Every structure is written in C-alpha cells, then in structure tokens.
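Just so it is clear, A, B and C label the chains in written order, and each chain counts residues from 1 on its own.
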Amino acid sequence: MSAPVLTFLTDFGDTAPATCRGVIWSILPEARINDLTHGSRAFAVRDGAFLLWSSLPYQPVGVHLAVVDPGVGTERRGIALAVRRGDRLVGPDNGLLLPAAERLGGITAAHSIENRALWRDTVSHTFHGRDIFAPVAAHLASGVAIGEVGPAVDPADLVQLHFPEAVSRDHGLDTSVLFVDSFGNCRVAGGPGDLEALRGALSPGDRFSVSFDGRSVAVTWQLTFGNVDPGVPILYDDADYDGLALGVNQGSAADALGLAHDTAVRIEPA
Amino acid sequence: MSAPVLTFLTDFGDTAPATCRGVIWSILPEARINDLTHGSRAFAVRDGAFLLWSSLPYQPVGVHLAVVDPGVGTERRGIALAVRRGDRLVGPDNGLLLPAAERLGGITAAHSIENRALWRDTVSHTFHGRDIFAPVAAHLASGVAIGEVGPAVDPADLVQLHFPEAVSRDHGLDTSVLFVDSFGNCRVAGGPGDLEALRGALSPGDRFSVSFDGRSVAVTWQLTFGNVDPGVPILYDDADYDGLALGVNQGSAADALGLAHDTAVRIEPA
Amino acid sequence: MSAPVLTFLTDFGDTAPATCRGVIWSILPEARINDLTHGSRAFAVRDGAFLLWSSLPYQPVGVHLAVVDPGVGTERRGIALAVRRGDRLVGPDNGLLLPAAERLGGITAAHSIENRALWRDTVSHTFHGRDIFAPVAAHLASGVAIGEVGPAVDPADLVQLHFPEAVSRDHGLDTSVLFVDSFGNCRVAGGPGDLEALRGALSPGDRFSVSFDGRSVAVTWQLTFGNVDPGVPILYDDADYDGLALGVNQGSAADALGLAHDTAVRIEPA
C-alpha cells in the first residue's frame, strides 16, 4: 500500500509552505506531499481556484489542501469537502475549492472546520494554513472521517466565486483574460466550441481578429506554438488550462500584446 | 518507524539545491527532505537565520541543513550543533544557525566539521553545500554520531550575528525592519509587549503613528488584515515571524510605504 | 531496496510541474522525485542542457525527465536514452539531453518515443510533458524496458545543440557567456586550463583584463568570492558549472558588469 497523497497550493512565500509541511509531517510522517504551486498570485482567490481546477484531475485521489485566503482571521469559515472521485479538499470557504470539487465529480459532503481537537493547540490570527488547515488536512489523510472536522453544511450555502464567461454577440466572442501563466500565455474565457459556433470547424491557419483596449491584432488559429515563427501570436486550445488562449511562439503574449488579468477581449473571425 | 527528516534552507538558485538533494539521497535514499526555502535573500545571513528561527519549531525533530554562506571557501569554519530538542543543525559558522538552535532549547554540543571521511572525495572552493554540508547532514541523519564530524568547540566561540532590537524612548518605540516577507509585510524588531508597555493592553483599532525616512503614517493595531479595507496599512502581531509587523490588506507594505530591510522606524501611540 | 529516483527539469511554471508529478505518482506511487529546477530559462534548450549536465553527475542512478520544448506538438521527436552509468533520460529530441548523456558515460541505446500504450489516453498538442514524457518516464522508472517505448534510433541521428567554445588567439581567450546563474555569476566557455595555456599556472591574485561590448574590466583570478571585498569582480573556476566564470563578491556580475547570455568576452593576462 502506498503512502497517502496530499497536494498543497497556496500564495505563500518564504518558509510558510515548508512550515505547513512540517506540521503535516509531524502528524503524518508518511504523507507524500505534492506542492501544486506556492506561486499562485497573492490574494487572487480566482487564480488559485483556476489552478486547482486545472491540476487536480491529474493528481492521485487524496487530500487537497489549498490556501489563498485574504480573509484569514476574519469570520470567514474553513471547510472540508468530500467529492465523488473520493478526494477530500480543505481550505477557506471563499470559493477557492469549488470549481475543482465540481470537476472531481461534485461535492458529496461539506463540513465546517470547527473541531479544535484537530488544530494546533495555539491558533494565530494570520496563519491558519499552519494552525488549522494543514493539521486538518493531515488528519484527514491519516484516515480521520470528514465528519470529525465539524458540522455538515449545505453545499448550496458555500461561498461562490464569480468566473467571467464568454458571450457570443454579433458574429464575435466577447471574453476576457481569465489567467496569465508563467510563460505569458493568456487563457481567456470560452472554448474552441465557442469559435466553431461562429464559423464552423477550426483549421490551423484560420484567421481571427482580437480586439482589446481599443486596438486589434490579427492572429491565426493553431494547434501549437512551433507552427508559426518565433514572436508571432496565435489563438489556440490550451492543454494546461483546457480552453481558449492567446500565446506567442517562444515569447509572452501578455508582454507582447499588453494583456493582463481581466482585460476585456473580443475575438472575431477575420 | 518513519524515515529521517532533513530540512534544507539556502539562498541557492538553479539546480544547486537539487544537486545537494542528489548528494543526500545518494547517501541516505530514505531521507524525507523538506525544503524550507531556497529563496532566502542572497548573501543575507541574517534573513536565513530569521527564517530558520521561524520555521524550525514547526518541523519534526531531525537534521537541519542551512547554507547562506558568503564566506564559502575562506577560513570560516563549518559546524554541526546538537540542541536540547534532539535536532542536529549543519552549516557555516557565521551565525546562521544560532537563533534557531536557541529556540530549539539551546546548544548541547557543537563540533567543527573537519572529518573529510564524511565529505565528498573532491571538495571545491565555491560549493561547500554540495561537497561538505550536504554529505555531513546526510551522514548525521543516517545515524552517525555528531562527535564523528570533528572536534568539539565551545559554543561561546561560535560566530554571533547582530540582530537589531527595539528600544523604548520618550513614549515611543525605536525599531527597524528586520525582514520583508514575500507579501511585502515588514516584520520590525520588538513584540506586542513593547507596545503594551507604552500604552497598556492593545485593542483592535488602537491608533499609532509610524515614522521613517522623515515622514509619518497613521496605522491602527489589528488582529488580522481583513478587518480593514484593501490597501489600508495595519500594525499587527505576525504569526509567521512571531512579533510586530507592518502590513497592508491585500497589498505590500514594503511597496506601499516605501520600507526596506533595515529601514529605521519609530512607533508612537497616536 | 529504496524507491526509484526520478529527476525532473523543465521551464514550466504555475502548476504544470505538479501536474506532471501527479501523473508520475499515479503510475508509480513510490517514485522519489527530485525537481532539479523548473526555473530553467523559458524556451532556452541550451540552458536546460547545461543545467542537466551540471546536476546529473550528483544524482543517484535513475530516470531523468527533462522538458524544455519550444517545438512541442510539431514534428520533433521524443526520445528515451540509456547511458553507460545505468540511467535513463527522457525528453524531446532537440539536444536537451545529449551533453548530460555524454557526461554519464555516453549513450548505449536511443529509442524514439512512439508506443502510445505508455502515454496518457488523450494527448494534447501543447503539453507533452504531462501527456507523453511524464508517463513514459514513470513507466521506465517502474521497470519497463527502454525498448518498449519505441524503435531504436541511431544516436548519430539525434538533434545536436551548438555550444559556444573558447578559442585562444593572440595571447588571449575569445569566449562568451554560456550561462548566467541566479546569483548573477556568468559562466563563460572554457576552463582554467585555457588560461594556464596562456600564462602558466594560475595563482590567486593573478591579473586579467576582461573585454566585452567595447570596454575592459580588470579582474583577478581567485579561488573563491570572499577573498576580495564585496562588490569586487573576480575570475574563478565555478564548482557548480565546472569551468571559468566571472563573479562579484556578494553581488551579481551580470548586473554589475552588464553581461548577459551570449555576450562575447575576451580574457587576456594583464
């Protein structure tokens, strides 16, 4: 039997993630910890939710600890979720966990984290990752039943997060930048099907006009970067993030085009 | 019995930390390695010492390897320390290990690293992390007695590091920025008790004036960030770093206020 | 028997490396994964090749997965290599793996990655790290024979990478910046022997003139940084990267001198 897997995502820097891993290993020495990232954009709950959603389907069934938590120490609740695939998710009740929970089959149980017996003895106001979430995740990974963490709550009462959506209008797609990755690729809301609804099946080389901030850029639809010259922008289906994206071969679309989180973008067949 | 824990902190980049982990795993394949951080500010021994001090209390008892070592290859000594909690600490004799050793109960034995049988066969002048410290740490984690690394030295002879301290004067606290974390929170020397000595018990909302670089900023004492609006600065007791800090809700106090390492700061009740 | 070691190097950011680790652990739960770095310069195959070459000799014998892959999704081939030391290397056929393979004793077998039974069921156009390379590496680490990944190819047919070399001319060494490390140290092509051929045995304090971009800087040969004052540039034999480098004590040679990747540099005895 292999050791339990615990994945871990935060916007923490310095030694904070390692301090949490120390707490986890103090409770469950055999845990195999997969740090999803600790470079999630600071305070950006939506980015964390999006990254969890993109990575968890590829992780073994396990316990998934995520903390992007601008409300730490306030009245916001901590939650543990069970999902249909068999995983447990642990983190703040601010929407962070919900898209991933949905992608893992949907929530089968939600509990409010209230049982202090599973926390560290001393709980700070500003580091619940270390004092509450990490120990609760470690206890769940070591076999503690989810009902032990606190009372059941109605999943419908959990805090939801707003995600921008793509809207078809006048032979174009109104969308916006959902996430900028480390290469500068810009994932926008919507999928290839939204473009196909506008112009039929997509083929490499199909031309589109991308408009934002009062200007337009001509791009082609491509399957991958290397089919255009370095520096040339493309529109493509991003495999990491499962949907439409703007990229630049061997460059940063964000820098080259001047795109950032939430830039409004319109895509039209050209 | 679970595998031995070895924590690891450096200011190394690129593949250097992984190269050291390769050396450790070549000696002790079952080591569980917790990378505390490899983003400790380059050449800043005090930052490394502060981060070790803040994280080690939350780590399982084990061997703690730390290398921030501007003196690599010079006459500076390498040391291994035993502390009352049962841990071993390994690194350069430049003050890096001492605050953490004190926090883990104090030094019970100190040894100069001189036994070449525990080093790599070839030792470079610029990468003692790989050639000396990592193998010595791995041997200690595999059960080698600390006395094997080299002769005992008097803990009083170890190189000390200067840490700034807070001083009460004229109804205010003279302090300075000790550490800037990845969010931009600025930990300053001193604790809540120093402010209470000035004005009695602290309550959320208490007003203070913070002066530095010839200007003053009004802040309130808060338990956590989310109790003020985004962008508003607060004075609080930092849980990661166990003491007074200046923060900004969902922002960087360093950027917003113009604070940096060692900025002199005066805090007065307002 | 200890668990198989799998090292992992990419230029990926965000959760992409963790997604690949999830795929690996789904196939081989007991794999011990050593992330060499995921900060290899984006799209820079030569940097990745250089870092692999510098770190792999210090890693336990195992499977080494490396993906710096600007040609992902194009016709470029994926390859698995066996080397004389006993390791397996997995990645794109773009030169990335070859210098390290040579340093581990040379290639004993090369295979084109074509057997889809070892891939993920669905293969994207832009994330072969997750869909092809990670699962193939995990299968190799779990004992699958290298011949299973696909047909043997002639090592002479693999894509080679150009590395700049140092050339002696007119009592000086014409070289260029091969790699800039995280401290700003600049590794240049060539080794200490190239300088000794110009002026005989090297001793600390020997003077050299370093010319680039139309200007010259006076440096001394040193064994390590701490033998000069902070801020002073030195010429030294870099232990991480096994060859000549320009550094600055407690500073960045790249920033201080204005050096970057591929800057042409001439070194002359002074």
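In this section, a contact is a pair of C-beta atoms (placed from the backbone, for glycine too) under 8 Å apart; a residue touches a chain by one contact, two chains touch by 3 or more.
Note that the structure is predicted; figures quoted are calculated from it, not measured.
Q: By the touch rule set out at the top, what is the minimum number of steps from subunit A to subunit C?
A: The fewest touching-chain steps linking subunit A to subunit C number 1.
Q: Once the Cα atoms of subunit A and subunit B are superposed, what angle does the rotation have, between 0 and 180 degrees and to the nearest 5?
A: A turn of 120 degrees brings the C-alpha atoms of subunit A onto subunit B.
Q: Just give me the whole-number Å value for how far the CA centre of subunit B lies from that of subunit C.
A: Taking the mean C-alpha position of each chain, the two centres sit 31 Å apart.
Q: Where in subunit B do residues touch two or more other chains at once?
A: In subunit B, no residue touches at least two other chains, as defined above.
Q: What residues on subunit B touch subunit C, complex-wise?
A: Going through subunit B, the ones touching subunit C are 12-16, 18-23, 25-26, 29-30, 42-43, 70-74, 76, 124-127, 130-131.
Q: Write out the stretch or stretches of subunit C touching subunit B in their complex.
A: These residues of subunit C touch subunit B: 2-3, 5, 7, 9, 32, 34-37, 39, 51, 54-55, 58-60, 181-183, 223-227, 236-240, 249-250.
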